[in-house]
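Here come two complexes built around chain A, the first alongside chain B, the second alongside chain C.
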Partner chain A sequence: MTTQLPPGMHLETVDDKIMTLNVGPQHPGSGHMRLIIKVDGDYIVSCDPDPGYVHRGEEKMAEYRNYIQNIPHLERPVIHDSSNILYPYCLGVEELLGIEVPERAKYIRVIAAELNRCIYILYWLAIYGIFLGHSTMFMWPAGDRELFIDLLEAMSGARVTHAYLVPGGVRNDLPSNFEERCLRQVEYFEKRLKEYEAIFYQNPLLKARTEGSGILSRTDAIRLGTTGSVLRASGVDFDVRKKEPYDVYENLDFQTIVMKEGDSYARSRVPYLEMFESCRIIRDALKKMPKSGSVRTKLKPNPKGGNDEVYRRVESGRGAIGYYIVSNNRPEPYRVKISVGSFRNLICMPYLLKGEKLGNMPAVYWGLNYWPVEADR
Partner chain B sequence: MSSGTEKDIEVKDTTEEHSDNSENTAKSDSMSKGEAKKFYEEKGLDLSPDVPVKPKPVPIFEKSLADKISSKFGDKIRVDYVRADRIRVTTKREDIVDVAKFIRDELKYDHAESVSGVDYPDSSEIEVIYHLGSYTDEKLGRQIFALATRVPREDIPNPGSDTTRTPSLRDVFYSVEFHERECFEMFGVYFEGHPDMRRLLLPEDWADIPPFRKDFKIKGR
Partner chain C sequence: MSTIAPQFRLSRFIGSLFDLIFWVILIFSLVGLPIVFIVLFYIKLPVINNQLMTPYLAMTWMADPSRTLPIVKSFMHTTIFKVMAFPGFGFAALLAAATIFVERKFLAKMQLRVGPLYCGKIEGILQLMGDGFKLMSKEIIIPAKADKPIFWLGPLLFVGAAGAFVSLIPVAPGWVVANPNVGLLAVFAVIGFFPIIAVLTAWAANSKWTFIGGLRALHQMVAFEIPLILSLLGVVILSGSLNLSQIVESQEHFWWIAFLPIGAIVFFITILAELERVPFDLPEAESEIVAGWLTEFSGMMYGLIQLGTYLKLYAFAGLFVVLFLGGWNGPMVWPPFPQDIITQGITIGPVTAKFPGLPLFDQDMLNGTLWFVIKTVGVILLILLPRGVFPRVRIDMILHTGWYKLIGLAFINIFIALGLLYAGVLGPGGLLQ
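Here is the complex of A and B:
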């Protein structure tokens, strides 16, 4: 008997040799998502990612709130990278409303974004370490994260959900001794980072598990539209901070980290090396920043955007984040679409896990720098 | 005993303060329009709601790209705007695959950054908009090419079986695969020729209308 199934539904055929495993959504090894994995013995035959367990409808919520009310909830998808996910929203709203940002605020925003990038990468590195059975690599980054969390707490007043970037600048000025304190923490942090190299990146166990596994070629990285560290680990020199510099990134001195191997090892190493560049950016920004001046352009109460649309993007810890904002002469946006790096990198998961050993799944999965909550929005 | 009475007195004091505060805020909330205007003027805030419109020069490089595509397709496309780093083109859904192939092969855009749906219930249409970028061409690093099309919208949607459908661009830009799946479940736009048009984020047993349509309201708002 054949039945007509509605679109979006399908029947599965059963094979005696192939076993279907659900990795997640409760299993900590997958984050808040499910991977439907089919295995033949020890090898993965196919992988079907099933995200959506933490879908909160951020885009729908944004249509019901005005431009200022949207700030705190839009950072919720990645609370430990909150400055970077708010950054393109602020840039977009500024373009829609025609607001100029003071020079000092631009530098402060860059510093906040780079501190947040380090916080995110350290958090990711801690999880990556523990899932490869390296518990020191869980403890160290989780502890060193506190250095920058303290700095951002001094800047914004909140430890994790800062809501520090606002359309028109930043919420408040830096505390009085910030520059000196920041330089001291960054210097100590760089010293700590160098210790990661010997204990983690030169560790033969890590190399054995990650080198040569989950190889993504340059052509495929481009074809699949990947972004962020996944793209740069496959040899594509693309960083939004360099290619389409926003705020003051063009004045600052830093490099793009590119590796050619395209395997899990390269994907885990690119974010690590980027933290050194972030430290360089923070130092340079502190040096070039105007020492005084306004940090926020006041908006009109309940501002209305024109009949216009805007697409702005920035580079976050997980790749490019783009905001597409449509406005129709109302205080609320008509439509907000958030295109995030995690969602764009999701597509290479079935591609990379095919043919991999099941035990190596966490090494490939977490190497993708994937954050389920951000992908679902 | 004495400590107990002290506590009682303290509690009373704080409650009185609270009631005072609430009265004050109530007064400031019930400010008349004239008072509010005066209040904002004293603070130096401008109340005029209009966005300043500054005419910007049309950039040369972006103009050359837009000219290329409009000379090839003529009436089939409409160039909506050409701004610094941003071009937007609207086409009919019958032509979208040809236009996308031209963008990929001649203009050298190689991946999709995002695929968004925008619901326009007033004109009974849903807009599907592809934001395309390039990794391979050095000159296009800053550029985003927005390719839009409009599909008819039905008041009582039946996703997958009604006229809300458009050809999929998955064979042209492989990277749109998951983005189109998201657009299908959130707006009910069926992409013809997509190999795997299943739901992605919504639960399997979702039985309501596509949630990002404007007639799907959030409760309590």
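Here is the complex of A and C:
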């Protein structure tokens, strides 16, 4: 009868009142990940996030390909935001190889990144809507994404996974009537965004459900190392675009959205308001962009980096994405380390969900702006 | 290796049809006819007009137009017709099917999409049929540790309870399946079955998600049943009857919604909760508990639950119409049946055909049905509307709404009704009656 457990292992004491729920990986309310949630009645006692179901070894793969071959697969972790996840890689490689980027390419990159940020946030918002049982809020953003997807398709030729940003600029120039078309789409998009306000953000039931739930205080947000919209919803004024401006962001007119509340409602609202700022940036960039010129500095075939290392980061739809690239006189990078916002925001989950009601779980979970595929890399 | 479907050939198709007809005739004559004769040998045939009523004679009568209509008419007043076709299951299922179609197109228009489009050529009108066939052909999977008899019984009980509810709704004067004098009490009794069925099936499925969903359904339905019953007491006080047909007749001049708007609003909100519709769909909240108490149902078991849900939707909308919107009452818009056809028949050239037994339905019944259907469809659309506008609420919010706010409002409604009664304005012997 006496069964010896291996050292370090212990049997879990069973409490009749506590029920363990496996939310995921096969659950309509989870991504490619699992939340092990213990509930006492309707209250969550503990939450243990279990990511790693879609680990694809992007970092290791990057060590076997040269700097150009790395572009298409590095955008795979988050295909809806592919320009932003490639952005720091391009910046880092340019610094390693010592490439100058043409002025026009810098503006085009910013436009592509902001369009992609809107596409990502709309997708995120659609899922936020359906997580809260609001089916109209699922359909509207999912449909309005098409506006910007069409624009990016015209720019790059692909609807998702554009691989548009390359070290040295962008892959190809804008189509001829792009400026006029982009301004028209952005104008219509802003009109649509205002309708979301009435049906979703001012909805009394949504406010009653999300306001005051899952509060992350300012100090906790900094201590846990969160980033992106989660950090800004907790009242910390941090945006990589403002604090460490890259490319031409310092010339452009926009502001950082900060909310003090730190609850689910604020976390759902900050990305929404950021889309207005993205529209402002796109307008401003289109105005200030040089009307003609080169968009790509050609690299040497199979370029080699020096014995050097570089760390660059940008602001993506989910927070700061940082690339740490080490080269050792070879065409392939020696090491590529990707630090993504999703994984850093996931850390808040056990803190935020403890003591919450089960009904708040989807709002808190998705409000963290967590993209499982990106977190696993 | 893949299998490629053979190309369609008309000659082979026609040949297969002839084969099929041959086999049908062969099997019918070898098996069917002997069975018919054996049955005829044993059953006692009735004698009508001094003639033995054999099946051949009955068919002859059916083919004779002068005898067809009386037979059809007498069939329409049998209980089995009422249960199966008109005020009962068939009518309700037809309205429910129309409801599902309208809901999908309506919601699609709200959400800037097109909804079902291809099935049935015209705006996807046959989509529901396709879904139904798909559900029927799907495998029914039962969890290994489920309590199988109760799990099987759940959908049947659900549809049965919904059917019982439908049978109590009067559609037109005299057209109701069951017309007990305590009709409203019977409605309350039937509504009381639904949470029990939900908890039974949820527990029998032996899954955590169904368990949580079942408990949520139980909490929600119990919390909203009391305001539901209280909100209807005002109508009972003013009409002085529990019989649903008499309640409709008492609204010949005024609809009760004009005097009891608070009761109507409370009843409408409780309808949403009892039907588990948005924003109160948390027993089936998919982002939290997969599909709630329906998680383990598959195939036609799920189909039956859906059928029951939509029958319930029709019955609740019908109850709202009966209690607050005057039921079948409305201006007479249906044209009377032309008397010429009854007295002189239809003359086409040299032939004059007479149809004794016309009209099949009297004018009151058709007019009443028309108004009832119009009002019911309106109420159903109003029930569907929140699905496009609201997110789901949380369990503590729903319980707070049910136990605090709605019960208070329902009591205010009762006091208004009592005030109107004792002031001598309404009610039996009142000024306005």
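By definition in this document, the second predicted complex is superposed on the first by the 364 of 377 C-alpha atoms of A that agree within 3 Å, B and C clash if a C-alpha of one lies under 4 Å from a C-alpha of the other, contacts with A are read in each partner's own complex, and residues count from 1 in each chain.
In the analysis below, a residue touches a chain if its C-beta (ideal position, glycine included) is under 8 Å from a C-beta of that chain, and two chains touch if they have at least 3 such contacts.
All of these numbers come straight from a predicted model, not from anything done at the bench.
Trainee: Of the two partner chains, chain B (first) and chain C (second), which one does A:347 touch, if any: first, second, both, or neither?
Mentor: First partner only, chain B.
Trainee: If you stack the two complexes on chain A, which partner ends up touching A:358: first (chain B), second (chain C), both, or neither?
Mentor: A:358 contacts chain C only, not chain B.
Trainee: Looking at the overlay, what does A:223 touch: chain B (first), chain C (second), both, or neither?
Mentor: It touches chain B, and chain C stays clear.
Trainee: Regarding the shared-chain residue A:311, is it in contact with chain B (first), chain C (second), both, or neither?
Mentor: A:311 sits against chain B, while chain C stays out of touch.
Trainee: Return the chain, chain B or chain C, that is in touch with more residues of chain A.
Mentor: The partner with more contacted residues on chain A is B.
Trainee: Which partner does A:77 reach: the first (chain B), the second (chain C), both, or neither?
Mentor: After superposing on A, A:77 lies clear of both chain B and chain C.
Trainee: Which residues form the common part of the chain A surface touched by chain B and by chain C?
Mentor: Correct list for chain A: none, the interfaces share no residue.
Trainee: Spell out the residues on chain A that touch chain C in their complex, using ranges where they run on.
Mentor: 19, 21, 27-29, 42, 129-140, 143, 199-200, 203, 205-206, 208-209, 357-362
Trainee: For the complex, which residues does chain B have touching chain A?
Mentor: 40, 44-54, 85-86, 88, 110-114, 116, 118-119, 129, 131, 135-136, 141-142, 144, 146, 159-161, 173-179, 182, 184-185, 190, 197-204, 211-212, 216, 218, 221
Trainee: In their shared complex, at which residues does chain C touch chain A?
Mentor: 107, 110-113, 208, 212, 278-279, 281-282, 285-290, 387-397
Trainee: Would you pull the chain A residues touching chain B in the complex into a rising list?
Mentor: 6-10, 50-52, 55, 57, 59-61, 64, 96-98, 222-225, 231, 236, 238, 243-244, 298, 300-306, 308-309, 311, 313, 320, 322, 324, 326, 334-335, 337, 339, 343-344, 346-347, 376
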